[in-house]
Amino acid sequence: MAQRPRLLLTLPFSLSPGAANHYYKEAGTKEERLMNHAVLAPLLEDVDWDLDPGPHAPHGEWPVETREEFMIVGAARLPIIRRACESGQYDAIVMLGGGDPGYIEGREIARKHRLPVTANAHAQMHVAGMLGSRFSVIDVAETHNAQMAELVVRYRMTERCASIRNVDHPLPRPVHMNRRNLQGQADKHARGEESSMLEAAVEAAVAAIEQDGAEVLIFGCSAAFWLQKPLQQRLLDLGWDVPVLEGYSCAIAMAKLLVGLGVDASGLAFPSDPPPRSRKWRFA
Amino acid sequence: MAQRPRLLLTLPFSLSPGAANHYYKEAGTKEERLMNHAVLAPLLEDVDWDLDPGPHAPHGEWPVETREEFMIVGAARLPIIRRACESGQYDAIVMLGGGDPGYIEGREIARKHRLPVTANAHAQMHVAGMLGSRFSVIDVAETHNAQMAELVVRYRMTERCASIRNVDHPLPRPVHMNRRNLQGQADKHARGEESSMLEAAVEAAVAAIEQDGAEVLIFGCSAAFWLQKPLQQRLLDLGWDVPVLEGYSCAIAMAKLLVGLGVDASGLAFPSDPPPRSRKWRFA
Amino acid sequence: MAQRPRLLLTLPFSLSPGAANHYYKEAGTKEERLMNHAVLAPLLEDVDWDLDPGPHAPHGEWPVETREEFMIVGAARLPIIRRACESGQYDAIVMLGGGDPGYIEGREIARKHRLPVTANAHAQMHVAGMLGSRFSVIDVAETHNAQMAELVVRYRMTERCASIRNVDHPLPRPVHMNRRNLQGQADKHARGEESSMLEAAVEAAVAAIEQDGAEVLIFGCSAAFWLQKPLQQRLLDLGWDVPVLEGYSCAIAMAKLLVGLGVDASGLAFPSDPPPRSRKWRFA
Amino acid sequence: MAQRPRLLLTLPFSLSPGAANHYYKEAGTKEERLMNHAVLAPLLEDVDWDLDPGPHAPHGEWPVETREEFMIVGAARLPIIRRACESGQYDAIVMLGGGDPGYIEGREIARKHRLPVTANAHAQMHVAGMLGSRFSVIDVAETHNAQMAELVVRYRMTERCASIRNVDHPLPRPVHMNRRNLQGQADKHARGEESSMLEAAVEAAVAAIEQDGAEVLIFGCSAAFWLQKPLQQRLLDLGWDVPVLEGYSCAIAMAKLLVGLGVDASGLAFPSDPPPRSRKWRFA
Amino acid sequence: MAQRPRLLLTLPFSLSPGAANHYYKEAGTKEERLMNHAVLAPLLEDVDWDLDPGPHAPHGEWPVETREEFMIVGAARLPIIRRACESGQYDAIVMLGGGDPGYIEGREIARKHRLPVTANAHAQMHVAGMLGSRFSVIDVAETHNAQMAELVVRYRMTERCASIRNVDHPLPRPVHMNRRNLQGQADKHARGEESSMLEAAVEAAVAAIEQDGAEVLIFGCSAAFWLQKPLQQRLLDLGWDVPVLEGYSCAIAMAKLLVGLGVDASGLAFPSDPPPRSRKWRFA
Amino acid sequence: MAQRPRLLLTLPFSLSPGAANHYYKEAGTKEERLMNHAVLAPLLEDVDWDLDPGPHAPHGEWPVETREEFMIVGAARLPIIRRACESGQYDAIVMLGGGDPGYIEGREIARKHRLPVTANAHAQMHVAGMLGSRFSVIDVAETHNAQMAELVVRYRMTERCASIRNVDHPLPRPVHMNRRNLQGQADKHARGEESSMLEAAVEAAVAAIEQDGAEVLIFGCSAAFWLQKPLQQRLLDLGWDVPVLEGYSCAIAMAKLLVGLGVDASGLAFPSDPPPRSRKWRFA
């Protein structure tokens, strides 16, 4: 800990330059390629970090939204995690990207090397638990909601998740090309124009607070990152002083915490292969 | 339903002829290649069925046991599910194999075609719920237990799963070659010799009943299929009249039930892409 | 299983010919007396079945709706179950009728004979769990809802039951004679007229989906059977592709599944009298 | 409350004078016929009370232990509850007897008259909740355990019930005649001899405390009433200062509390027939 | 029990005569100082009771509403509990006041003396559980809601609490002086004028019943006591026959029940200091 | 974040120099007074920190163990939190000390100033959740266990807490003076002698892992800090590769994470006084 932690930030996948929603770029400096870098910079100031572009479009040249796509991308990330672990160059790995593709499996791999791994949804849910009793997920598309619901269940967060609310601005995938999607919404907002996505997020968040009992808000899709500040401000203006979390920052902060404490994951939850001992598994 | 249901049974993967634990064979009649066919025959009598060998060893020439291996195999099965659905030749798909690799994703694919899909652990857990309040999983290896634990959680069965108990006879994977594994145990038992695996299963099952509150037993690994009858008998001899389920038969029976009722999966749990509507997701 | 399963379908009670809501008839062929036979025929094609009329109006000459009536009818059914088991003529018993009167007790009796028993609500809830995470019950009367709520709790389905929603078209019992009830609604719909019961069911189902988180719908009262197809279609037209289950078909299909697998109920959940062993009972 | 509350204590059933385990007597003063009267006397000092013998052996001339027997007895009690309510002579009804046969249905009947009804298991579980977080049931026979388990579930006490532990001294029913049962154990203890039932209760209670997490103990079968004091003392001697509750006293005390507060049961949980309003039912 | 139970009723705090919301008076007869005495009189008829004024304004000269204030008042009550226990003059202690300040700690102290202690919220929640499955809390201020939420959680009532609904008529504390508060609302109602607090309570209660699934209603703040009768009547007029409980009466009735049964609290939940034994603590 | 976070570490209380178990010292450098400083130093390297001695022995001249003592100390800490917040000198407050006295109330105070506050048990439980599904608490005394159990419940960690296991080496309080306590155990271990406390911790931890399902271990009492390394090593030697957390380090690391993310607590969970809005509170 005396020296600076060395983090590998790895994107879930990258697309060719011409692809729609080119958030996941393969060219440029690491800062240019890191969506939301301006906000993340202070968190990265006291660490050394690399950015890995992830596998190239294993599922197709568009962003990921279905469970099938998440599994394909997840499997494609695993060799990257393995190589990063084996390189000995990192103290922790941050698996960027909403929906956490390959996260549980990546942790299993990294466990052998005693390296902590974090991911967007997992980190946001844990930070949310520190701030209030129940969180809601503000997400962008019904199919993506289904993946987030899988994660809520897998991470045993059903007691803490008040709801997943959809703002219905899907990613620019082929099936969504002829309907409203999230493409261009961040720019609109940046230009001071009304963004239908932000308006929908305010509506979803208010419903999550007033009807579902949410005390904290998190995002399902990393491409919603730009909503963090304006959504929190809009809610505050309405009288709701509620934290709005964001995935990249939470995953980086959690990685730093784990490195600081010298822990990665329980060897009982992630037994080694072969395992030295075995025990009964219980759920309650 | 008037005509016979047409089922595709698909193996999780197949190995080369020389590989250890060659349960998943690529040669022979479908009956020869279907582990446990003798027991399954009556269930298959009133259906038409094909057997698909699954992807060839996408993870290596050994059986699957880690979460990483399950994800790799799961992703590799998805094109098979897609092709089977698109062929129009089947009324349902049975994804054979313990640990249910690719099952949730396979259901998402099949939903578009309104085809039911079943899998070993999922079907066993649902049948178990019909017979008693809580079940325990009798499983073969600590790493495999971890995958089963993922499934218990994902299938929202934590309230119903009393425990996962390990008989510690792992699959014949390279890491287990120099220790006790399940290779040869079925044959030993068939020859009338004592099988350490059966003995361990009796011990695990008794503990599950007496300490954990299990009222039904299921298997985690499909290669434990041969334990079903002897374990149930041994428990009965001890005074415990407890059902012992097996994955292939449950998955086939559940597929027949779903075909009979004309249902596959909820279109809300598996939204189409793109979805016509969206809703808030709740967990309690 | 090679031979056709022999099922006894037993009505919860029968009423005199002049009684209101004469769904439960004592005269006619078994097909005529089996409400919903047209839909059930394919499911019954590969089984041999008898229809038992149930006890004659043990509670009064009207349909059952209160907990008191359910208990009286339940107790009156038990000798029928006992005789059917002792006859050796059946492989399974299907206890027809919403509210499952006498079901748990009937299973206890049948367990001694290793006969599976199924019932409307129990079977629907289990099939619902195969299709989605949470179901709602669409039911006909507030007092009947109370009985359904008892069943949700007894069957340990509270985590899976999103809600019970009332369409408020009660059975034609004396207390409901001067208000809107379900009498005549099926005929109205069959004639192509608007049915207030169907409209109420659509409204209840939409609320269950949008507000309560239901992913599957089941019926509380068997007399709502005719709603299955039109309700599912209406919801699909609204963009909700949601399975609507029905009690008789689910109970028959589940009986066939249990016979196929050679299981009935756990001898731990239903200990014999006297029991060979005893164990501690746990609930979590 | 200014005047003394008038309670009807009603036995679950009565047996002919020659029957085994003649706890439920039809002759003698009400005090003589009230098992455990010596302990109950102070609780009854400030109330007026009658004792009703219950239905005469509706199930057979032996005590009740199976679910079938409980349902038959439960149904047979309902006319007594109805008549007691209609008589206008009582402020509350105490349905005596372990396993609470007919209790929920009896409450439904009494609700129309705004009369509170209490029962052994229900009252004990609620009083237990006032004293500690989790209780265990000390019960006499495996089949009786099964009925108690039904009650734990129906009363939504699964979170609070640490376990049901069996002392295996069943009631003197025909099936138990040739094995150890509870007949004579109270007398043995009263004579200062060692009682195998008390010894088994101490063992069960210690296991409930040390392994299951029980903080309070209750009895499943009312015939275990005499264990209350000696069991509590034995546990105290072992260092466990744990309350041991008993059914009759808890049911009487709870009836007095409800009369004192002028409440009986929620009209939403027990809707009137017909109900003025209807609502959605939720479970979480 | 033959003699009359001796109860100490102790106020949470008292304020100087000039303070706003002078519900907690230090002068007058005990009857005059006991808020809601008219309603409580019948419950107190068969007991001997004293009224203790509580600590004098340890937090300031206003009623308590924040968690900080509840803790300060709670700590200040403990010497009173200790002295009452040591005096040997009482059979039970009733800690009056919404929010139950110092209740758990007071029980720990009283346990050494085997004295039962009751409190408003705790007693209401337990009585509510006897009447229906789920209750809602009707409360007066958002900060007070937060304290009630702490109690719902601490008392392990999260499964039973449908919601806390705010009528937003806070106590007359300095921060609320320039906005609508509960001061004067009871008098308004008593004069036959419309009370905005009663109207808000009706609205909150209807929402709790129709949307949240409440079957019983309780109050968070003891100063809402006067709402009990009119709220219950208004709901009945709307078709909702729902019990509305009140804190003082429930706490007194529960104290009488505990004295009657000769129990106070489990010595396992409240171990003595030093404890004779130790055990593992479990939560499920 | 660019500048170093400024933390106030505040002890729960301090004792006079002559008091037993003088872990909480009022003299010396801050490093000398910070128990476990050697281990904490790396975590504190990149922050500015002060150490506050806490209130002087508000409960007596001995360490805190009962709920009464925790409440007295908790109330006595609140003015310190208030002053620290008002000073404007800190970015976060770390409330040191096992049992988290005054933590919830301290957070309420700090919320007004948007300052994060952390505490030993709360931080350990949240970090544990990042590493595995369920944790057990290794604690020192039965009365302290009771306080830890309160915290598990209040922090809504009952689903995640596998057990609290007692090593029965209480704090050197007057009641424990004549029995085995934790005094001197750390020194013994440091000298290479066998420590009965470490042996008891190994036994408790193994039971927690093998019987209770713990995947992570935390400490209840801060004075157990020195067990962290040797306990983890001993478990590893037994084949259990399980993280053992410690309170001070987790609380400091969590404070740094919250400062880094710019969050403190949800304004809905901790409403301001007076609050701008109000909402219904839900628990599931």
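Letters A, B, C, D, E and F mark the chains in the order given here, with residues in each chain numbered from 1 onward.
Methods note: contacts are C-beta pairs under 8 Å (C-beta built on N, C-alpha and C of every residue); 3 or more make two chains touch, one makes a residue touch a chain.
Everything numeric in this text was worked out from a predicted model, so none of it was measured.
J.: With touch defined as above, tell me whether subunit C and subunit D contact each other through largely the same residue numbers, more than half shared, or through different ones.
T.: same
J.: Using mean Cα positions as chain centres, tell me which chain lies farthest from subunit D.
T.: With centres defined by C-alpha atoms, farthest from subunit D sits A.
J.: Give me the rotation angle that lays the C-alpha atoms of subunit B onto its copy subunit F, rounded to the nearest 5 degrees.
T.: Rounded to 5 degrees, the superposing rotation is 120 degrees.
J.: Can you check how far apart subunit B and subunit C are, centre to centre, with Cα atoms defining each centre and the answer in Å?
T.: 30
J.: Based only on mean CA positions, could you tell me how far subunit A sits from subunit E in angstrom?
T.: Chain centroid spacing, subunit A to subunit E, equals 45 Å.
J.: Residues of subunit B touching 2+ other chains?
T.: In subunit B, residues 156, 159, 162, 212, 269, 277, 279-284 touch at least two other chains, as defined above.
J.: Within their complex, state which residues of subunit C touch subunit D.
T.: My answer: residues 65-68, 70-72, 74-76, 78, 102, 104-105, 108-109, 141-143, 145-146, 148-150, 152-154, 156, 158-159, 161-166, 168, 170, 175-176, 179, 207, 212, 269-271, 273-275, 277-284.
J.: Considering only the defined contacts, which subunit C positions touch subunit B in the complex?
T.: On the subunit C side, the touching residues are 1-2, 42-43, 45-46, 126-127, 129-134, 156, 159-160, 162, 209-210, 212-216, 238-243, 245, 249-250, 253-254, 256-258, 260-261, 263-269, 272, 276-277, 279-284.
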